[in-house]
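First chain A sits with chain B, and in the next complex the same chain sits with chain C.
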Partner chain A sequence: MGFLMALSSRLPYRVWGDLRGFVASLGGGVLLQAATVGQMGVLLSRIAARSTPARLDRRELVRHMEFMAIESLPIVGVTALFTGAIVIIQAAPVVQRFGAEGLLGWGAGFGVLREIGPLLTALMISGRVGANNTADLGTMVVTEQVDGLRALAIDPIAYLIVPRFFALIATLALMTIFSDVLALVGAALAGEVLVGLTMHGFYNGFTSGLIEFKDVAHGLIKSVAFGFIVALSSCHFGLATTGGAPGVGRSVKASVVASATGIFALDYFLSFVVP
Partner chain B sequence: MGSPLETPQPLVLHERPLVKLGRVALDAVSGVRALVSLFLRTLWFTFRGSRPKGATALQAFEIGNRSAPFLALTMAFIGMILVYQSAVQLGRIVPDYSMVGANYAELLVRELGPTIGGLMLATRVGAGMAAETASMVVTEQVDALRLCAADPVDFLVVPRFLASLVMTVVVIVLCSGLAYATGALTALVAFDVRLDVFVNLSLVDFGDVATGLTKSLAYGAAIPICSCHCGLAAEGGSAGVGRATTAAVVLSSLAIIVINFFISASAFLVGL
Partner chain C sequence: MIRLDSLGVRLVDRRRGDRRWVLKDVSLCVPTGCIYGLVGPGAAGKSVLLKTVVGLLEVEEGLVALDAIDVGQAAPLELELLRRRIGMAFQNNALFDDLTVADNIAFPLRRLFSPSDDEVREKVKERLDCVTLSGFQDRMPAGLSGGQKKRVAFARATITRPPFLILDEPAAGLDPVSSQRLFDLIKRDVTASGSTCLAVSSDLDRLLPICDRVGVLVNGQLLFDGTVAEARNAADPRVYQFINGLPDGPL
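Presenting the complex of A and B:
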């Protein structure tokens, strides 16, 4: 402490002020993040409380899933096809260096099923569905429709959030299966057209027994976890919207940023934990 | 403007498929034409316009400095994940990890650094730009600009475009370095690969660096064009801002994946 006092008396005022400002903004940022995480925890416990006797509004759930999944099919499909192709293009030089073209199907399958399929699908769904969800909820909040629901004694969490929450998790898991398949098709096509590996050889490499069911399961477990984090952050930032039309834009941005951070952090831990 | 409580609207699934296909195709063509038009206008005003002083620096701060922590965090995680997954994969055939670092460095420079970094920037920067410009559109600030004879493209898009062009490359290079470092640490801790074995740049050649930098530059150009296109096309109050921001994230991410495919494929075919 004495050292700091001595330092502060020697430093020019401006530098000391900047330093204090830096420390203050650092602490403020940490507190802000902690508050967000805490609010998400509260929201999660409310969702859990509203859905413990499992009484889901099945019609709402199906309606949301129809909207979330079917509307996202084209974009997820295009992403998956191109991603599969890129995996092959990038893996080809490495594999050719080792003279192991027969393993290309296996290598692409491993990467797509375990890592790239779930990750990119989650990022696209977070952008397409999660952001949409936040924008929807945010608009309802700033136009006081959520207050209207409360005034009618309808619980907004049970009525608005719970169906969306579960619909999003289910959508992401289903979309991951869809995009895994399309990414493998894209990889096989790119192998045929660009690298000069026949589809037959790709299929042989893919089914050579080195890919096990646990690799598929690894990807699917991850995708459920990603769906969880995307659903939670999109609902939280939607409900926390303040300040009119610009506020809705800010919420959407905060929601996609939080989803992406959560996806990468969870991906890291799950990669180690899940076999 | 219906109330947002009514969305999601029921889908029209029984629409005749040819009609639907035709509409999708027409939408795609007009969308691409609008993007190209915005890009050309941006280039025109880059050389001929008179934007306010300091606007570009302000945007560069917003894109570079403000996004750096988020990008650093995600890239640090992706570095650890990728080294772990590829070493696990390699371990199933030959448990020899001495070349993991060299292959990882090559892949990071030509593919993963630019593309994962670009996707993250598309998420954060794209959403931010679209939210900002869409808010200005729906609060009629853009109309006010037009009234003052200031072209919104010159005033709003060009500073974001120039700033993004520079800062995307800078941020991606810095964060790829970070991803390399976290990857090296993972290899050391989880697979006992010594740092001097891991740090092996012998596979990174001129073609890899050129591909990586081209990609970063292309993403830096694509993100502001896509997001500002969505932002400027916003209409209808807060719901419109939300829709525009969502569309910007989707369009920028898709643009990055498509651009990545074309640059990777041409680099592969040229033999870089």
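Presenting the complex of A and C:
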């Protein structure tokens, strides 16, 4: 404290003012993030309290899953095909130099199943489905539809949020499996065209025993965790929307940024924790 | 009966960041079967008052009671049961975008009472006929005009024949003929069902003739509570000016 007081007396007034403003805005930002995390925790507890099989609206769950899957299928498919091919394009020069074409199937499979498949699918679903979910909920909030539900004695968390939450997690996990398969197809096709590795050779590399079930499980666990992040973030920012149509735009932006940040942070930790 | 005693509600002021009083010391009573018209200039707190009555906003001070139930103190389950007895039409209509007109109108009926499909169809048809929207049952809300949305919102609010009817600008955006028909329908419905109705509207020429009592809310304070005839000759110059629609005066 004494140091700060001594410093403040030496610094010109304008510099001291700027410094104080910087610290205040930094503190304000930290408090805002802490409040957001706290609000997400409250929302999560409300979702948990309404997630009993008896209270789960299965019709809404299936309706949202269908909608989310149809909406994300094309973009996830195209992304996966190109991702598999890109893996081969990047690996081909090195593999050819060492004559290790037989390892391409293993390399592509290992990378796709453990990391690239879940990560890119989560980012795609976050941008496509998560953003749409936030916009949808945000619009419902600003047009009083959520208040309308409450006035009709219908719990918005049980009716709107819980089915979307579980639908998003399930959709992301299913899309990850779909994306993994297509990425491997893309990789095998690129291997045949670019390196001259036959489909059979690619398959042999993939099933050489170097890839185990735990690698598949690793990716699927990550996909469920990423789905949790995207679902929670998109629902929270949707429900927290204020300020009319511009507010919906702000919520979508915040949701996508929070989801992407959460996905990468969680990926880092899960890579250590999950075998 | 709807009873408000010294009601106070505070909301966050987004520009200033603090909480300010939107309603202060509001007391009124709407007897059972009565139509109560709540009027006042813009941003007076009328919609806030309606939302507080339904329990959508927190009661900061005083009492809001529907029949014998204290809305501010009611347990969640008690509040849920109370809301089953309330029909509300919102200022922005609050129609569900992904449901058709028929599904919107049938929504409270299906979710709260689980009736047969035939019963739902019959009641939806009756409501659509009442609001002169026959043949619109398969349209989506996005394809309706502002006035049509208002009528669908009213049909949804009244399909369960609720004992309490809360209407926030039910005729905003309607042409004079449709507006008059809607107010006539409100009067007929309330008389037939014996509901207690609290209605906010800026269309005084059509609202006041159907009201049993009227309240004038200005800047969050209820300046007047009485019959329409008393309101037209009110001593308070603000009430007199507003009720008689005079351009010159303290407002």
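One rule holds in what follows: the second predicted complex is superposed on the first by the 270 of 275 C-alpha atoms of A that agree within 3 Å, B and C clash if a C-alpha of one lies under 4 Å from a C-alpha of the other, contacts with A are read in each partner's own complex, and residues count from 1 in each chain.
Convention: contacts are C-beta pairs under 8 Å (C-beta built on N, C-alpha and C of every residue); 3 or more make two chains touch, one makes a residue touch a chain.
As the structure is a computational prediction, the values presented were derived from the model and not from experiment.
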- [ ] Check whether chain B or chain C contacts more residues of chain A in the superposed model.
- [x] B
- [ ] Considering only touches as defined above, state whether A:Phe272 meets chain B (first), chain C (second), both or neither.
- [x] first
Task: First (chain B), second (chain C), both or neither touched by A:Arg20 - done: neither
TODO: Check the residue A:Thr139 against both partner chains and state whether it touches chain B (first), chain C (second), both, or neither.
DONE: both
- [ ] Give one of first, second, both or neither to describe whether A:Lys214 is in contact with chain B, with chain C, with both, or with none.
- [x] neither
Open item on the list: Just to be sure I read the superposition right, which of the two partners does A:Ile154 touch: chain B = first, chain C = second, or both, or neither?
Closed with: second
Open item on the list: Touch test for A:Phe264: chain B only (first), chain C only (second), both, or neither?
Closed with: first
- [ ] In the overlay, answer first, second, both or neither for which of chain B and chain C A:Thr79 touches.
- [x] first
Open item on the list: Quick check for you: in the superposed arrangement, does A:Ala131 touch first (chain B), second (chain C), both or neither?
Closed with: first
Task: Intersection of chain A interface sets (partners chain B, chain C) - done: 139-140, 143, 145
Open item on the list: If we count contacts the way the header does, which residues on chain B are in touch with chain A in the complex?
Closed with: 3-5, 7-11, 13, 24, 70, 73-74, 77-78, 80-82, 84-85, 89, 92-93, 103, 106-107, 110-111, 115, 119-120, 123-124, 127-128, 130-132, 134-135, 138-139, 237-246, 249-250, 253-254, 257-258, 260-261, 264-265, 268-269
TODO: In the complex, go through chain C and note every residue touching chain A.
DONE: 14, 51, 54-56, 80-84, 86, 88, 90-97, 107-108, 111-112, 166
TODO: Provide the residue numbers of chain A that touch chain B in the complex, in ascending order.
DONE: 63-64, 66-68, 70-71, 74-75, 78-79, 82-83, 85-86, 89-90, 92-94, 103, 107, 110-111, 114-115, 120, 123-124, 126-128, 131-132, 134-136, 138-140, 142-143, 145, 194, 210, 244-253, 256-257, 260-261, 264-265, 267-268, 271-272
Task: chain C partner contacts - residues on chain A that touch it in the complex - done: 139-140, 143-145, 147-148, 150-155, 242-243
